[in-house]
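Below are the structure tokens for one structure; questions will follow.
Naming follows writing order (A, B and C), and every chain is counted from residue 1.
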Amino acid sequence: MAKTNPGRFFEDYTVGEVIDHAVPRTISGGERALYHALYPMRHALYSSDEFARDCGLSAAPIDDLAAFHIVFGKTVPDVSLNAVANLGYAEGRWLKPVWQGDTIRSQSEVIGVKQNSNGRTGVVYVRSRGLNQRDEVVMEYARWVMLRKRDMDAPAPETVIPELKKSLEPSDLVIPDGLDFSSYDFTLAGEKHRLSHYEVGETIDHVDGVTIEEAEHMMATRLWQNTSKVHFDITARPDQRLIYGGHVISMARALSFNGLANAQIIAGLNGGAHANPCLAGNTIKAWSEVLDKAETAAPGVGAIRLRLVATKGGAPFELKGPDGKYLPDVLLDLDYWALMPV
Amino acid sequence: MAKTNPGRFFEDYTVGEVIDHAVPRTISGGERALYHALYPMRHALYSSDEFARDCGLSAAPIDDLAAFHIVFGKTVPDVSLNAVANLGYAEGRWLKPVWQGDTIRSQSEVIGVKQNSNGRTGVVYVRSRGLNQRDEVVMEYARWVMLRKRDMDAPAPETVIPELKKSLEPSDLVIPDGLDFSSYDFTLAGEKHRLSHYEVGETIDHVDGVTIEEAEHMMATRLWQNTSKVHFDITARPDQRLIYGGHVISMARALSFNGLANAQIIAGLNGGAHANPCLAGNTIKAWSEVLDKAETAAPGVGAIRLRLVATKGGAPFELKGPDGKYLPDVLLDLDYWALMPV
Amino acid sequence: MAKTNPGRFFEDYTVGEVIDHAVPRTISGGERALYHALYPMRHALYSSDEFARDCGLSAAPIDDLAAFHIVFGKTVPDVSLNAVANLGYAEGRWLKPVWQGDTIRSQSEVIGVKQNSNGRTGVVYVRSRGLNQRDEVVMEYARWVMLRKRDMDAPAPETVIPELKKSLEPSDLVIPDGLDFSSYDFTLAGEKHRLSHYEVGETIDHVDGVTIEEAEHMMATRLWQNTSKVHFDITARPDQRLIYGGHVISMARALSFNGLANAQIIAGLNGGAHANPCLAGNTIKAWSEVLDKAETAAPGVGAIRLRLVATKGGAPFELKGPDGKYLPDVLLDLDYWALMPV
């Protein structure tokens, strides 16, 4: 039998199974510097230990999306190596900051399975979590993917579809211990807009754009130890390498600094769709829509719910066509909660 | 009103104003490793903690030009986002080494304004400085840029043109505390040439070349949190992305190791011109001319004033045409002071 | 006389001479993060401090091949700047792990010279070693290169051909102090295959592929301060930049994780041939053959001797044609010893 990992197929998942994913990773300043070289990140809380201390933290944590990518990457060999499609995310929560020196590993629990009516594919739902060296859960999220069956004659499992929230409630969000925005420095943060300046329904065109290069998306994706062949091997698909959807998420989040500089911390991921494939040569731009606002118990800290849309062309604020489908230039439609000074 | 940063226009600057720039940054070994991956840096004092200790320092500092880029990048959103041209630098001085663990922020004082006779643009002079977490100035430089007016009918301000030295005097240079080249290891440094081996007027062809890639110049420019659109967004200019002038400076400085390996520390920037745009695909080569030599008070430490020229073709040592203009293959003409064993 | 380094020619080497190479380097988490961004590295012992501690080490060392590249890169200006060909490696041994914070320098002893019958070139054999800041040898290897003569009339030196082992014996391998695989975590390591699961003669197709980019191989090669012009300057060769052979070695080793995840530590390099040039755009794949197996004195630690072949096309397990020459799609044929749980 081959010693290489063939990946799992639909019938290999059982509801309740817990998968411990391989290759823990210790984080250093190197990961942070690379994250800032690969994306135009400027959120001050993640760039400056001093700024983070002035907000009540012990140092600047690793970017929340870098933490997500680290956790996500480890799940790929066990969850999505044979995925036909990455269908959705829900209930993503950042529970503890990830610090330099932390070692992160990942674990997934199978929380749902549903064979498709074609009998050849099925949907698997997992709840994945990242744990640090103290076995504290640093983040968690639900994700569902469509997988091929290995054996078309394998019987359909009992359908289990987990109940997943359309959106996290503000009370679901976990605020980092000690976070205090009451003496927040808006000048050093780069913008003067606080939560009260944003209106629900408001849209923001983030203006800036970045043209994507093969070398950059591969370095990013490799750094997270994501092993999906289509991102690296030009012979694995008919045309170009497909860019890891997380690369688009991070790029759009970084671009959103221009207009949302004070949406410092990502605390919750409500949902997300990779609307169209992203390829090298695309120029990514981004726009946001304010979906909700809320208070939190931490001093000076509010929560803002945002839709973040990444595009590779077209006008800002256009999302779907008359048929209800994403327009062809839309790459990403992400729904998340961020923490911002009130 | 849009929440994104539209940048400042000529009439937005008042002489005497001090601008605190956003997004401080904490430096780690990650920034250093990236700097050495992006440029063929080999100066031993910045590569080896042990070598730096043998020269009287506590560890290897961050490269002087990396420190410059960090300080410079932060000024872009407030100074040069709408710049038509980056006209010049003067009086650049490195005042304190930047160490791993330091957090750097930037500040600029407007020191001059002059509306152009066309009434549509003007020149703004700033003195920018980088400060560490102890509020010590780590470096400073004057820079002047040409900016558009927002409102063509805005009245011209009173012209103020600062007095800037054509070149720093050796006595203006600040030697890092404790620097001592009296037991300098020429073998580990890579060349045997000391200050007394160089003659004023001598020229050095640095021989090596590097062909520039889009991914690399974007990673470098992003790492310094420079937000100028033309470096990243292929749709922002008619042809290719324009490469950040600082990328050319760092590349040329790194190439100058071959012949100037012992010009370890950049202590002063007398002036500099980005003679022609640099684009991906260009092959950068460099040559130097010795402009001056001086003693310093530190044991075994001398100063060498160098012209550093980067080219994308043509023969070394050719700089300007009969019309007094830079030849089309010249990218950079930089005038700086470096510290070298006597 | 030019101050730049012209490199050495065949007649500049004398058997017994020891060359101290320039530019020591202090390693941080930055180098590790870059190594993991440039190659799809997943070996847990080098990714996680916690995993390394569970194997008896104090932390995750720098990847063995990164240590090799650091040592090798420093030798280039003195050994192979004028090389016509890199002919072979032998007797490579990793003697001490390299840790973050270590400063590495390199030294080579000339151990053989042989002028070729054409009178215009010759072969130089060196034994290179890397030393840390405590003057401990961290690794060593023999290498031989073909060099041009500067002066065709220079007399041929007495021929000295060193005796080099075709392959290291298991007893030649040095096991890192404290290494203990007796409570090895196969789940976190990513595969369940231990030494006893591999048969001598067994071949493994590592399945995954990576398409190579110019920016990546240049960043890697620069990080190791390798100054060979052909890797960086498109004008130095008739066609494309030639990719550093070490880039292919690291890429193939990283790809070999899939099937050899538990071949954690490279302990010996028996030999290696760069069979054909690698250029940007090539898609590298890899296969391995088990050549030998052995016990070691360390608890739970065995040794596996592997042939690692990198290709840019063609079928796995094809190496040479009927003429005994490497097939045109073979890039690398490497013979090494790795340490693996028994």
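By our rule, a residue touches a chain if its C-beta (ideal position, glycine included) is under 8 Å from a C-beta of that chain, and two chains touch if they have at least 3 such contacts.
All figures in this text were calculated on a predicted structure; none of them were measured in a lab.
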| item | value |
| --- | --- |
| Rotational angle, Cα trace of subunit B fitted to subunit C, multiple of 5° | 120 |
| Shared interface numbering between subunit B and subunit A [over half = same, under half = different] | different |
| Separation of subunit A from subunit B, taking each centre as the mean of its C-alpha atoms, in whole Å | 36 |
| Subunit C, residues touching no fewer than two other chains | 28-31, 33-34, 100, 213-216 |
| Residue numbers on subunit C that touch subunit A, as the complex places them | 28-34, 36-44, 47-51, 59-60, 100, 187-191, 193, 197, 204-211, 213-216, 258-261, 283 |
| Residues of subunit C that touch subunit B when the two form their complex | 2-5, 20, 22-26, 28-31, 33-34, 77, 100, 103, 105, 133, 213-216, 218-220, 222-223, 225, 227, 229, 232-236, 241 |
